[in-house]
């Protein structure tokens, strides 16, 4: 089984002029991310607008990413749907396509009890043989999984082997550490909390930032590994405005706008999401030191 | 154009043993709701598990409800999807099937700006010729529409003619009243706030409660119309524990359990939603004065 | 024992040019409030800036109010301090001065447990022989007393005989009703929630609004008593902007500014509180239909 | 002017059997804290129950602390009152007694605007010639000062030279860094956030923890200075349960109970605060590795 650690780079889903996924462009973005020095590739996350894709579009994006990565790095595929049945279907598909792991977020319309969430992950685990990254992101999913629940699933559900924490509450990470006596690898999914997550001992960082600032993200991780926290802090503070900006403006719109500024156009987000307004494009260019 | 006012009764979506919509049972539930004295019928809302249905299932439920109602009452069909394109598709379908109005909730994965929400409703309005009920329910949709936005859409978007407010904040209703100088009809969608919404002058109540306590709901509205608020208060306080219970337990699970207790079995909710636990079924039976 | 019901009118504490309490002006304000038709008089509440007065100032305001009221109406005196010892001292003083009841708010620096709050009220009750109004106002006190705690104190502490609820959560009132089977009289202390509290069956309204709009407040209560809720609603909606305005601007500053506009100058609040800014004075004059 | 940096140790206020400050015991606690290796001494903070002391008690505690410290370390005295006048009085008194700095918290009953807070600090600054630590602690004070306001006061008010941030929101510290281009020294005042504050580059830690675990706190700061963040993390995680426990149980009650377990009895908190319950004393003993 693949061991995940370090920077997991998240892909956008490029759309062509007609609004359908642009698979050749996606293939180019995979190469771009790998060149930035990330340690794993992640399509179909929040950044990848997976929630807005049809089942067929989702599958074509998963397939293209895995095929383009071609074993150079591990791939963790976002596979989340509103019903348990559809989630199992996506996870089986990801496994069949060659994914190294799936990332599962308990999106739902009605709030779910802890038991309902547990059974949801259990059903997924029963259906596949690759690792599951349990993904907590209350801001987008509307469901908040406590450290206690995440640890219970890690302990009791075979394929739940890691956690992505995007709640923005650093104390959750300390709780996961204590509950599991340090055995549960957790990844930070909240960009402006990167410094604190490194300080806390996170196994890595799930982020779309390498699309835009891969060099600095790579240096940050190297400094973490070297126990040189002054450098981590300086790199983080230098990039914090950008990290906050891409989160506040919505990752799909801001990362796509940034890639376009970097000469890698990949279309705009799907409605009801709007493209980044021009004034914010200017701010982004400034944050990226790009003259327009 | 149909004028909505009073009690709008929400349907569950019954599932058969194999987990697919049980259309004959649905037809029976339409008759049951009409017998309870509601003033309009609403399939495919939150209670109707619309978020968990496939496109085909959604259409069959809409068609069966409209056909079974057969003009006895107006029908407002819940028609919400994650993308603007899919929402327009559902609304056009509802209109073609004979719906009197559509109820549109801006569900989304990423938070939407006010402009994105406005454009979403504008696109729907441009595509159909029946009224749109703008539905605010931050707890399930993850998006909270301010009274200012709701009023702006009512004023500027042709087919947005009414609001369903489920935020649970009574001040929103007063704001809608003042912003529109009393011209915007708003319906309460938060069961435990029914008394306050009547006090505030709501045009009606969107509720699944008539499935279980249609008699008292009917008497409550009659007392409202008669300006006999002592009676409204007494009826409300007598039923508040039930109204809170069905909300806290999740409307699909609790209403389905209640209908079963009343001799109208309609299956269980779709996974990841669980059926009402047995101990809560006992509480529900007690609240409904049913001996088991 | 005096039975409280209806409108309890709250006094400001007028300050003279040198910043000390202006007792003759206070006496005039007592007459003004009684002329507005309130059913009881309340000095030294939040509006009365009691938190900012010295022990001696507090006592002189309590004495002047009681003496000026001279038995025309019951008087409930705000008597709250950070320590239990000082609170007991104030309550004993109020009783000795002739107060009909004391209103006690559990202000504190550190959050208090339910047991600490219970013991605090028990100590006060043991020290006096007049009724205690337990006052819940988390926004100013930093402590939020649940309906369960309030009901337990009402049931188990001899002199706790009524509640003032200012949390702004209408469900608390329904809970108090159910927990006490309707025996606990609760008063609304949140001005913009007056309509809902009347709808819920509150025993009355604790408010500084009669200083400015005594006529309409009186008509509102008369309509409540007559079960004419349409009139209650219309009067409330006509005055809601004012009721919200005086709360948002801070009651001491806004009520003092309003009294000044009405020809009853009573100085400005004590620092760090600022007087109402001139632009807001203009808004207030407009809301009161006063031409400047 | 004294330069503050590192660990600022906070004192409890010991009470004798009759409930008045035990000044000889206080003197012993000053020695104890200095022996733990702290870099400054702070009486009359939240831990010191300053909010519950009379004016005379406050002065005797300030005097005893300063005299007992006798110049071995700088002393920052908590000096906060509800009115501006009383706050100025306390700050002048602290300066006259020989304090090196005052710590001012904008406690208030009514919420204050930014302008009211600014004027409050300006009035204090105008009255004294020693540094002011602006203290943000919304949980106890009920007022939340934004980084923008704190920076504005640092820039524009002469004696405001440092900030103590106890909101528990790590992003505030990054904002202070960026707003002041790294020139504003901020201290962490939220114990469970110590790791993150060190990571962010805080000038130090304001904490009562050295009363109980001075050795580890000292090693933590030494590791910070040595850029050895692995050691900081390990020391923090080893002590996090204790750091969270003393915050949750209320600092006065838990620190006093802990000092008693360590053979330095200093009485119990003043009512309405209760002493630490026996079961929690057992937990505390366990966290401190003390057998009872």
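In this document, chain identifiers A, B, C and D correspond to the written order of the chains, with residue numbering beginning at 1 in each.
Note that a residue touches a chain if its C-beta (ideal position, glycine included) is under 8 Å from a C-beta of that chain, and two chains touch if they have at least 3 such contacts.
Remember, predicted model here, so these are calculated numbers, not experimental data.
*Asks:* Give the chains in contact with both chain B and chain D, ordered by label.
*Replies:* The common neighbours are A, C.
*Asks:* Copies chain B, chain C: same or different interface, half of numbers shared as the threshold?
*Replies:* Counting which numbers both chains contribute, over half are shared, so the two copies meet through the same residues.
*Asks:* Between chain pairs A-D and C-D, which one is joined by a greater number of C-beta pairs in contact?
*Replies:* C-D
*Asks:* What is the distance, in whole Å, between the centres of chain A and chain C, each centre taken as the mean of its C-alpha atoms?
*Replies:* For chain A versus chain C, the centre distance works out to 52 Å.
*Asks:* As a quick test, compute the distance in whole Å between the mean CA positions of chain A and chain D.
*Replies:* 39
*Asks:* I'd like to verify one number: the distance from the centre of chain C to the centre of chain D, where each centre is the average of its C-alpha atoms, in whole angstrom.
*Replies:* Whole-Å distance between the two chain centres: 35.
*Asks:* Please set out, as single numbers or ranges, the residues of chain C touching at least two other chains.
*Replies:* Nothing qualifies.
*Asks:* Going by the touch rule set out above, what shape does the chain contact graph take here: line, ring, star, complete or other?
*Replies:* ring
*Asks:* Quick one: which chain pairs are touching?
*Replies:* Touching chain pairs, listed by label, come out as A-B, A-D, B-C, C-D.
*Asks:* Along chain A, where are the residues that touch chain B in the complex?
*Replies:* Chain A residues touching chain B: 46, 51-52, 82-85, 106-113, 115-117, 119-120, 123, 139-140, 142, 250-252, 270-274.
*Asks:* Which bits of chain D are touching chain A when the two form their complex?
*Replies:* Result: residues 170-171, 174, 177-178, 192-193, 195-196, 198-201, 227-230, 232-233, 237, 240-241 of chain D touch chain A.
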